[in-house]
Each structure stands twice: as C-alpha cells, then as structure tokens.
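Structures incoming, each one as structure tokens.
Each of the two complexes below includes chain A, the first together with chain B, the second together with chain C.
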Partner chain A sequence: MGKNKSVISRLGGQKFIVLLVVIGLILFFSAVSPDFRKYTTVMSILDYSYYIALMAIGVTFPLITGGVDLSIGTGLICYSLTGGFLIVQKGWPVWAGILVTLLLSITIGLLNGVLVSVMDLPPFLATLCTCMITRGLGSIFSKGFGISWPTSGAPGSWFRNIFKITVNGTKIPLGFLWVLLLVVLMAFVLNHTKIGRYTIAIGSNKEATILSGINVRFYHIMAYVISGFFAGLAAIAYSAVFSTVQPGTGAGFELEAIGGAIIGGVSASGGFGSIEGSLIGVFVICLLKTGLPYIGLQANWQQIITGLVLISAVMVDIMKRKKETA
Partner chain B sequence: MKKKVLATLLSAAMVATLIAGCGSQEAAAPAPEAPAEEAPAEEAPADDAAEAPAEEPAADGAAAGGDYSFEIIVKSYQSSYWQAAVTGVNQKAEELGVKVNCTGPNAESDIADQVNMLNNAINAAPNGIGLAACDQDACLDSLQTALDKGIPVVCFDSGIPDAPDGSVYATVATDNYAAGATAAENLYPALKDKIASATAPVRIGEVNQEATSESITSRGLGFIDKFAELASADGKTVAVIGNEYYVNNCKDKGDEASADVIIEVAVPAQTTVELCATEASVILNKADTIGMFGSNQVAAEGILTANENLDVLGTDPASSILAAGFDAGSVIKGAITSGKMFGAVTQSPLAMGQTTVEILTKIANGETVSDVPTQGYWYDSTNMEDNSIAPNLYD
Partner chain C sequence: MGDVILTMKGITKSFPGVRALDGVNFEVRKGEVHALMGENGAGKSTLMKVLTGIYKKDSGTITYEGKEVEFHNTREAQSAGIVIVHQELNMLGHLTVAQNIFIGREFKKGIRIDDKKMNEEAKKLFDRLNINIDPTETMSNLTVGKQQMCEIAKAISHDAKVIIFDEPSAALTEAEIEELFKIIKDLRKQQLGIVYISHRMDEIKVITDRVTVMRDGTYVGTLITKDCTKNDIINMMVGRVIYEDPKEHSMVPEGAPVVLKVEHLNAGKMVQDVSFELHKGEILGFSGLMGAGRTETARAIFGADPKESGDIYINGQKVTINTPEDAVKCGIGYLSEDRKRFGIVVQKTVAENSTMATLEKYTKGLFIDKKAEKDVAQKYVESLATKTPSVDQLVVNLSGGNQQKVVIAKWLVRNCDILIFDEPTRGIDVGAKNEIYKLMNKLAEEGKAIIMISSEMTEILRMSDRIVVMCEGKKTGEIGIEEAAQETIMNMATREIG
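For the complex of A and B:
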C-alpha cells in the first residue's frame, strides 16, 4: 500500500466514521425523544452550532501547524462586547460595529501569530496569555457589564437575518449555508493555496519547511490570523443568536471548537486535518450538547460523555499514527 | 448626570452648613420615623430626583437628622442598576438632610480600585459608610480599620459574610427566596384556570443557571415552594423533578407519578446563555408545559433565545406558554413589551440605596439596626412605566 493512498484513506476514513457517528447520534436521539425530531430542534441545533463551527474552521489552521489557539473563546466574547458596546452604547451603525469586531479579531490573531512565530513562544502559552488578555479587555470595553445587541425586530437587527430568515412563517437556517460556503472556501485555501499548503508543511516538518526557503514566519502568522478572523465571525454569529454577551464568559468555547476539529480528524500533533472534517466533528459536539438534555441526562453527564467521545477520537488518531510509523 | 448629582450635593451641603451654623442645637434630635421595612420606592417617584430642589428637604433634615456625612461606595458607576441605587441614596439623603458622597469603581471587577475607595472613605472619617462590595474578601482588612476607627459600615446589595465582628452593622440586600416566590405569586394566578381544568398533568419549567450561589438557589427554591403551595391550596398535587439540588432542597418534592403539576428544574453545565437555551428548549418542547421561570437574566434570556425558534411563548395561557423572568436588561424588557414574556421580577436598587442611607442615619443617631431584606418587584407590560417600577428596570 503506497503512503499517499494510506494518508488519503486515513483522512477520508476518520471523516467517514465521524459522519456515521453524527448520523447515529441523530437516529438515536430521534428514536428516544419525539421532541428531538421537530424542525424547531433542528433549527436550534444549527443556530447554536454556528459560532462553534466558525471557530473550528479557523482553529483548524493553527492546529494543523502543530499549535493551538486558546484565545478564540474569550476572544469571541471580547470582540462581541466591543462591537456591541459601540453599537448599543455609542450609537454606531451596526455595520461599523461588525467591522470593528472583525478588525479586533484580526488584530488579536496577528498578535498570537507574532508571539508564536516571531517571539517563539509555545502556542499553548502565547494563546493562553491572549486568552486572559481578551477576557480582561472585554470587561474593560464594556465597563464590566453585559451588552445586548439589537434584539430581533429592533432597529439595527438586520444582521440577524444573515443567519436566519423567516419565509412564510418558516424559519430558514441561512447561517448554515454560509458555514458550508466558508468550509468549501477554506478547504480550498487549505489544499490549493500557498497559505494552506505551507500551513500543513509547518505542521508536518517545520525545520524542513524553513530549510526549503519558505517564509515560514509569514505563513505561521497567517494561520493565527485566520483563526482570529474566524473567531470574529463567530462573535457576530453568537451575538445574532444569543443577543446578550456577558463579560467574563467565553472560556471553554475554544475547547468545543478544538474538540470538534480533533474529533473530525485534525491531528492533535499537527501535520494534517481537513476543514470539512472539523465541521463534521463540531456537529458531534453540538448534537451531544443539544441531544443529551432531550433524553433527560443531567448537565454534568453531558460533559463527561463529550469528554469520553473526545478521548476516543484522540485515541483513534494516536493508534493510526503508531500503525503508520510501525 | 454626575455633574448634576455633584451640583445637587454641593448645594445641599452649602445649605446644610448654613442651617447648621444657625441652629445646631436641634442636631441631636432623632431621625423622622421611617420604618426600613417599607418599600421606599413606592413613596418617592424617582423621575426627577436629581433635579429636586435641595433646599427644602435639606432644611427639614438638618432640623431632624443632624449634619451627618456618609460615604457610599457602589460596585460600579456605569450601569443603570447602580445609577438607580445612587438615585435612591441621593433621594433619601435629601429627605433626611444628610450629606452623602457616592463613589464607585469603573467596573464591578475593579476590586482593588474599590478597596482604595473604601480606604479613602475611611480616611475621610465619615459618620458611616455604605458599601456594595465587589468582592467578599478583598474588603476585610479595610473593614477592620473601619471598626478600629469606630466608623459603622452598612453593606448593601451584597453582604460580606466574613466581615470582622461588629464592623458591619446591617446588610441591605434582596431577599432572594421571597423574590422567587413573587414570581410564583404572579405567574400562578394566570395559569390557575388552566391547571384547574387540565385533564392530564401539566408542567412548569424552571431554568437556573447554577445550583451553587445563594442568590440563584434561593430564588429557584422560593419559586418552587410558593408555586407548590399555591397549587396545593387549590387541591392539586405537585412534584418537583430535575436537578438534584433543587429537588432535594425544596419543601416537598412530591411524587411524579401521581402529581397534577410537575415542576421541572433544569440547570446547565455552565452559566452561559446557549446552555440555558438548550435546557429551556427541552422543557418548552414538551407538550404539557404551560409555564416557565428563569431565575436570573442569563436564564431568562436563555428561555427567550430558545423561543426564537420554538415560538411558543406568549401572554395568553390558552394558546401559549407563560414565561416569567428575573432582573431586567433590554432583551427581557423588550420581550415583556412585545408580549413574549409574561413578566419578571426586578430587584430594587432604588429602595436599596434609600434604605442604606436611612439605616446609616439611624446608626448615627444611636439607634439599633438590623439586616433589611429588600423586596423583588413584579413587573409586566401593565406597570413597566410606573414610577415605582421604571427606575428599577436597568438596561
């Protein structure tokens, strides 16, 4: 068996297995809980998945470089607080608030990239620091108080229609379409552009990549900028779905995104992964989060089960790698 | 706002000095009768508190209350919740003719700043200090200093359980258990007929963001116990199911199999809106659910978020689920105005501010004081604009 073929089958293999898990979970929850089968539940699952999915698309890049971005969760809240503060308290137009949200997210992504790539901080440490910084920054920008973005029906609530529109009384999960389009786009970026190919190269063998004369610093920074930018997009999605953003929250969101990506086949030690895999992995997390309460399981058990699923995904990854090197 | 308050304070201080200079003999007279248990919010419309002429009340007060000065430290100066508290403080200060100086850090998380402010307040040697502590532990040393210097402290909004003995004279804070019960008292009558005519068991959902803090658990249990009490009084049996803490700590958890009314308590794994929304979705989706209660802003907004997709909430018990919330904020206020949410309980920062000044004055007068639980007020679309309610509804 050629090495190329095994890599492809491995990548496709895990994605396929995870897709089966997603389908299995849907069937299981539908069988056990009639309420789960409702269209509104599908809407809720999709609604609550956008911000995790967007974060997961972005964080896949640093993960593939062999790094991680822990700042996306508190970052999301920080960006959303800042944008929301400008819109609600300062009377800025919504588009301007969204623009600032995204610019801030790119700035923090850039900071992460510089810390990791130029200052040579371990990614875990660098992004842990920015995780704390964004958490504090969010509270400062919002003066320590929760911010409610314009609620549906209120002036300036058009941005909610990006993610959900109502046609003849039926709600259409438009956000899912954008998520799918972004997955296609970023999968193209990962597999067919320099940014993506070098991201993978950095993750599989950084030294070799440097020696081959590639501007590793730039592409390494770009991985974190992409991660930051998608956390900014996630901030918009979060604000549109949940309205109120509380300072001090957000820690833990990144773990759902990272967990989703890893379940979806991104190697925990870098080198490969796929955007579509990350998306499928996110849905395992989201289905567990939404579905387990429907079968009457208490919250703490939900977390334990999600943790166990993550362990098994990482185990699959490790076992495959052992097999490959053996 | 700050300027106006400052101007009012300054003019009040000037007039007070003038009058004090003229006849300070009366200064030791006891404060006017004003039982702290009353909800002062109902007495004094807050609309033009800041604009109110300072001369008159100051003159009255100086004659009765003496020229005491108090330092008031709020948790922060930026939200309308605390602005309402400061309004209450100033109202009462004018009424009693005492001087107050209000300060507070930029954010509730600026704990060190607040400790500094407390130390400065102690150095100013006032007749008393009103403190809404950002942190339960950070103020302990300062409280000891205040105790050593003989400056009485009254805590408001949040108590300090470990305060040095004798330093905190009284705590003015919301009675959360009673506030939770207030929600049940207002939700039950609206659902009463539906419960009475139901042929199968009906379900009341409750979303609490956690099962650990005093305020949230008290509110949750207050609602459960009161709702069960009201339903039992009408001859219905009640069972409480769901989160173990609430099931085990309510007065009577009943038997789910035979109950007419089932109160289902959901607690998410983390205190975030999206997890509250998921838990709320589950209960809202059940066909027998007729009412919901979210015991704080996050939980109530979680219910509203869940409803974005479900569209089952309303104010008509025949066709929709009635939801009661807690606290205010633009999302909840908007939902009540638009008829998505039936009503909510708000705390009374205005009354807290007023009561704090009142108690400080009593202490300065040598009276004995005790803790004052302040009420939660029910509000819905009919009374949101009332003078007694509106100042308490912060964004």
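For the complex of A and C:
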C-alpha cells in the first residue's frame, strides 16, 4: 500500500492540485481580460488576501483538531476597532494600540479554547457565541461609528508600510513576504513541535491521545489561542490595507478563511491539513473574488462558484476517508 | 517457564446489580503464554481492567514482582511494565508509525521534535521484533495486522514485562496470525509474561503454555495446555449449571411454510456463504461467539450493509433488498443490539417512536394524525404490557426492557412478519428478560417468524426451536433444539477452519 504512492500524493496531494488550480485561474483570467494583467490588479488581489490568509493560517489549527473557529471574522473587526479607538480617540501610540489589538485577540482565543476544551461546548457553538460577543463588543468600543487608523502620510501611519511600501513610485507588496514567513513558521510549529503534533493527534483520535497521557486540555486550548492570535494579526493587516473599519461587519470573513483552508486540503473532520495548503486555498478564493468581475460575472457569482469549489474539496476529503476505512 | 511475576488472588468486583468478578485467581510466570478463556461475559476483560487500573477492585490482592500493587490508571500500570494490546486499536491514523509509538514522550532537539531519532528508535524496535514496517509510513495506510504489530512495538518500548493480548487475532488474516505468533514466541523467549485472551481453541493449543478458565465471573481452574484436550476446556467453560430450563422440543407446527430463505449470502469477511431457512412461527436462534458474523449477517439481510452476492426469498419469491427501506417493505423488522444507537429515538415519545417506521399510514395530507398515532401506540402499550405512564412519555425515561418493547411495537405497527432480534435482552434486568421471552413466544405463536441472535447460551437453549451456529463469518452448524446441548454448540462455535 504505502510504497506505491502516486506522483500527486508525493508532491503534496490536494495542495498540489489546488496549486495547479490557482495557476490555471491566473492564466485563464489573464487570457480573457487584459485588465486583469495589470499590476494594480495584482496589488489589489494581494491587499485583499493578507487578512484572509492570516486568518486561514490560524484557523487551520482548530480545524485540524476537528473543531472550527467562527469568531475570527467578527473578532477581526472587534480587535481592529478597539485598537483604532485607542489610537485615534484616546491618542495612544500606534504600537500600544497594536499591542492591545493582539492581546484582545489572544484573550478571545483563550476564551474559545476554555469553552471547547474545559467546558466541553461543541466548537461550532462556542465560537458562534464568541462571534456574537465580539460583534457586539466592537460596536460598543467604537460607539457605533466607523474608525480609521492613521491614514498614509499622517503621523503614526508607519504601520501601513509594513504591508506596502512605495519605492520610486512603485508599490511593493511587502505584506506577502510576511505572510510567507508566517506560513513557514507555522508549518514548522505544526510539523515539528509538540503543539502541532498533538493538534493533529487530537483531531485524529482524541480518546487515544488522552490515553497516551498527554495534557489534551492544554494543547486543545492552544489551537484556539493560535487561531485568535492570527485573527489579531489579520486585524492589523485589515486596518493597514483598508481606510475605514465599520462596526457590524466582519461576519463572513471567517467563512472565506475556513473555506480556503478546506480547499487547501484541511480535512473537514480533523486530523489532517497543512499551513501551506491553507494559503494556497485562500488564493483560490481571492482569485475568484477578484477575477470573476473581470470576465463580467457579478460578485454574487463568485460566492456560488466558491461554494461549488468548496463542495468538490470536501468531496475529495470524504472519498479519501472512505478509501482509508475500506 | 520462569518465576511467577504476577499473581491476582481472590479478586472481587461488583457493579450495581451484578457481581462481575467473584474471588478470581490468576497468575503469570516469566516466559509463559497464559491463555485466559471463558464465554462472552465470563469476566475476562473485567479482570484485565482491574489489573490495569481501569476498574478498582472491591477486594483481593495483586502481587507484581514480589510486591503488592494497585494501579489507578493504565498509565501507572504501563510505567510499571504491564501493557494491554487492545482488540480495538488506539491508533492515531494521521500520524506516522514512529510518531504513534513515541506519542507523549517524543525525543526533542530544542523545541523541535526529533523525528529522525524517533524513526531510528522505531526501526530498532522493529528489528528486535523481526518486523518489517517503515516507521515513516502513515498509520492509516497499514493493514490492521501491521497496526497491531506497531501496538506491540509500542508496548515493548515501554519496557513491558507483562503484555496482555485481548483477542489479538480477531481481525487478522491467517498469514498475519502466523507472524503474530512468531513475535509472541520471541517475547516468550525474552522472558516476558504474556496473557492471551482468545476464543479460538486451535490457537490456544498452538501458542499457550497454560489455560485459565473463567465462568460467570468466577475462577474455574487452570490447566497445562499440552495435557488437556479441547473438550476439557469447553467443559470447564460451559460448566454443568443451566439456570433456566431449555426448550425440549420445537414448537413449530409440522409443515409450517418457509417465510424467509437465504442462499449463499456473502458480505465481506464476516459473512461467507451463509444459507438458511426460517419457518412461519419459528424462533431461529443464531449462536456463536463475539465476532462470529451473526450481526453482520442480519445487517446484510436487512440491507443495512452491502451484499456481495446471494439470494433472498420471501414466501418463496425472490426479492431484492438493497436498503433497510426495501427490507421493511418486505416485512422484515430489525431490532438492533444497540437500541440507543439504532433502535429508538430516546428524546421522542412512546407514540412517536411507535409509528416511526409507518408514518405514512398516520399522516393526513401534510400533517401527522396525532390522535391515530396515540391510539395505535396505546394499543401496543396494552398488548405488550409496556410500563409507561402514558404514550406521551419520552422513551429516555423508560427502563431498558420497556424501551425494547417500544422497539417491538414499532415493528408490529409496521406489520412485519419477520423479526430479527439482535441480543434482545442485553442490558435488561432479569424480570424484564422473562417478559421479553414471553412476548417473543407469543409472537411466534401468532405466526411471526423470528431470528434471535444471542451470545447467551441459556437464552439460545431456552428460546430457540432450531439453532444456527456461526464461527468466523461461516455457518458451522445447524441443529434442532431436541439435539442441542451447550457442548455441541460450543464445539461448532469454536470449530477450527481451514
């Protein structure tokens, strides 16, 4: 069995296929629409991809435990509003605002982890609750108004340069570099540290993991803390890329991140997945979202097509599992 | 055989209402393979669970390496050197072989897990056991047999001194069993104490040095394997005590028509070429040990699992049953051994459960006819003497016996003529058992045809008109109740094959 792995599975299985899909989509859109080939389009796809990619990196961990984190979308907006409020309204320095943003995201992640791992709430429910809570909190902190983090050129706008700097009039998508670095870092965590190993073990067979004498509670919580923290990083990216953050938005972001992760090969039932796969999956979603309008299809079509792509990704996962149990 | 390494003396353990172990003695020597035998429910697994700290004993002593010990969980037992290789494997399918073996005690280089070293160590373990498995292979890609070898390797890596094999061969092929035996013989040479739980008589003769037999939670005796015959062991296992009077002769009228005929049914490893006939008004007992393929046969007939080949005739007519829906249309009702999972919806009322399989009869247009539903439920509550305050009671609040009656009502409402009872009295107390027995007899008298799968010998002998015995997916015997005796059935159920 194991010896005669197919070429595709040796190259990374689903990841590899999805990478081909990404390349195929780029070629297709480029061929059909001359506008798509412009540098500004590339920039807008990348701008749009950062926060989803960051959320996807984080949410891969709860997904691999066999859970889910629905709070990252509204959480992102809540953290961004809180940080922005402190900076803009209270005059805090930007670094302090960023710090609070990240601390808040870790706190919500911890809360999710405790609800799921200690209180035994189903992950779907636990994070649905924190999703609602963060949505409400965000509106309270911002008193219902949209908040703009310091705009380009204004004092304290240095954080925007983390993601995009202009050299000789050309915009350089620096953010993509950070995303890639974080992917490499978290891939290491997932594949070569205890946190990652036990995340996979929990998703594979929680009972057996407990019987192996592992502090499952701690590692289960950690998966949600990581997810929360990356939603915090996504909040920074979002604040840096977009001019205004509106309270009440953010619901649905998580679905794009989770969808991306699953398209990229994370098993919907846990136990299996990769960070790089999740990143590639996110790009399928971003390309569809940005590319389809260029060939004359409205945004609604993007959602339908993303849904269909997701179904096929889940079908692949189910067929794989059926083969395993056969 | 070396010195005694483990002694269990006078072990007693009660659960509410049941004395599971009553003064059981057991010992293991270094360098011996000691078989632990007994019928289903004799207390073998309970004894091993007491040993490894999963259950707390009520009384008795455990002496291990000369000292009295009491373990509080499997981990404590493990670090002392007592390890169980479970029948159901505790595997993390998505991790590699080496990662599984060293789970919870990974080698590390800084914060990085040292997979390379783990692979090397796993390789050394496999070399010691003469097993050829790639430590970097993903666990779920291995066959069950290889997975079990990994469990054994994991056990050894804990510096095990006593290894307990709980029905290790149940899921293995012939070749895999041979490989397993080679490993066990190696371990014996290395002076480990080995406990071997199995039902397969031929294996016991091949691999074990001594046999301890248990019956109904008591210690019966210990024999030297090479000095005893298969019949000696069987006699010890079944004993002479019969608690309820067995049926003396068949109650089926002469010339009763065949209502169900199954021919050459095949469905995977657990159902191989099974053929039998079921007559009107007959209770056909299906006997055999755990994992003999009885439930699988029933599920295949009922369309719950796919069939590979074979024909089914109902009242002489060939029928196609691919789904439970087809089966129900043919008038077959299946009462699962696992009521809570497959039989009833516990959070629904008695009335709702009763009409579950027949809802189309109780709907008017789009709506369920609640009154008709309650009326029919009430009728069966009365005729089956189900103890419930009303038909509006949630089934979860009923006792096991009464839940079973609700399941029976469900199939009677459906007007099924063929009923398959899978372990009808499992988890039901003695008084309620008798009621279920009476009910089954009454149903048979009324002309229903019943298949009763049971692991309890007394139940088989008390209820059946005719008995089919299965072993390892094959039908190994069929006898009328007149000639049936525990020993004959046990012989058929443990028959060597191939």
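Here is the rule we go by: the second predicted complex is superposed on the first by the 318 of 326 C-alpha atoms of A that agree within 3 Å, B and C clash if a C-alpha of one lies under 4 Å from a C-alpha of the other, contacts with A are read in each partner's own complex, and residues count from 1 in each chain.
Note that in this section contacts are C-beta pairs under 8 Å (C-beta built on N, C-alpha and C of every residue); 3 or more make two chains touch, one makes a residue touch a chain.
Note that the structure is a prediction, hence the values are computed from the model and not measured.
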Chain B and chain C placed together on chain A: clash or fit? fit
Review point. Just chain B (first), just chain C (second), both, or neither: which does A:Ser44 touch?
Key: first
Max touched-residue count on chain A (chain B vs chain C) belongs to chain B
**Asked** Should A:Ile318 be classified as contacting the first partner (chain B), the second (chain C), both, or neither?
**Response** neither
Vertex chain A, Cα centroids of chain B and chain C as endpoints: angle rounded to a multiple of 10 degrees is 130
**OP:** Applying the touch criterion given at the start, work out whether A:Ser148 contacts chain B, chain C, both or neither, answering first, second, both or neither.
**Re:** first
Exercise for the section: Would you check which partner chain A:Phe272 touches, where first means chain B only, second means chain C only, and both and neither mean what they say? Expected result: second
Can A:Ile305 be said to touch chain B (first), chain C (second), both, or neither? neither
For chain B against chain C after superposition, the smallest C-alpha distance in Å amounts to 34
Chain A partner, complex, touching residues on chain C are 74-75, 90-95, 99, 103-104, 106, 108, 111-113, 115, 134, 137-138, 140-143
Contacts from chain A onto chain C in the complex sit at residues 1-2, 188, 192-194, 197, 200-201, 203-205, 207-209, 211-214, 271-272, 324
In the complex, the residues of chain B that touch chain A are 76, 78-79, 106-110, 243-244, 266-275, 277-279, 281-282, 285-286, 297-298, 301, 304-306, 308-311, 329-331, 334-335, 338, 395
Note: in the complex, chain A contacts chain B through residues 35, 38, 40-41, 43-44, 47-48, 88, 139-140, 143-146, 148, 151-154, 164, 171, 241-244, 246-249, 252, 289-290, 293-294, 298-300, 302-303
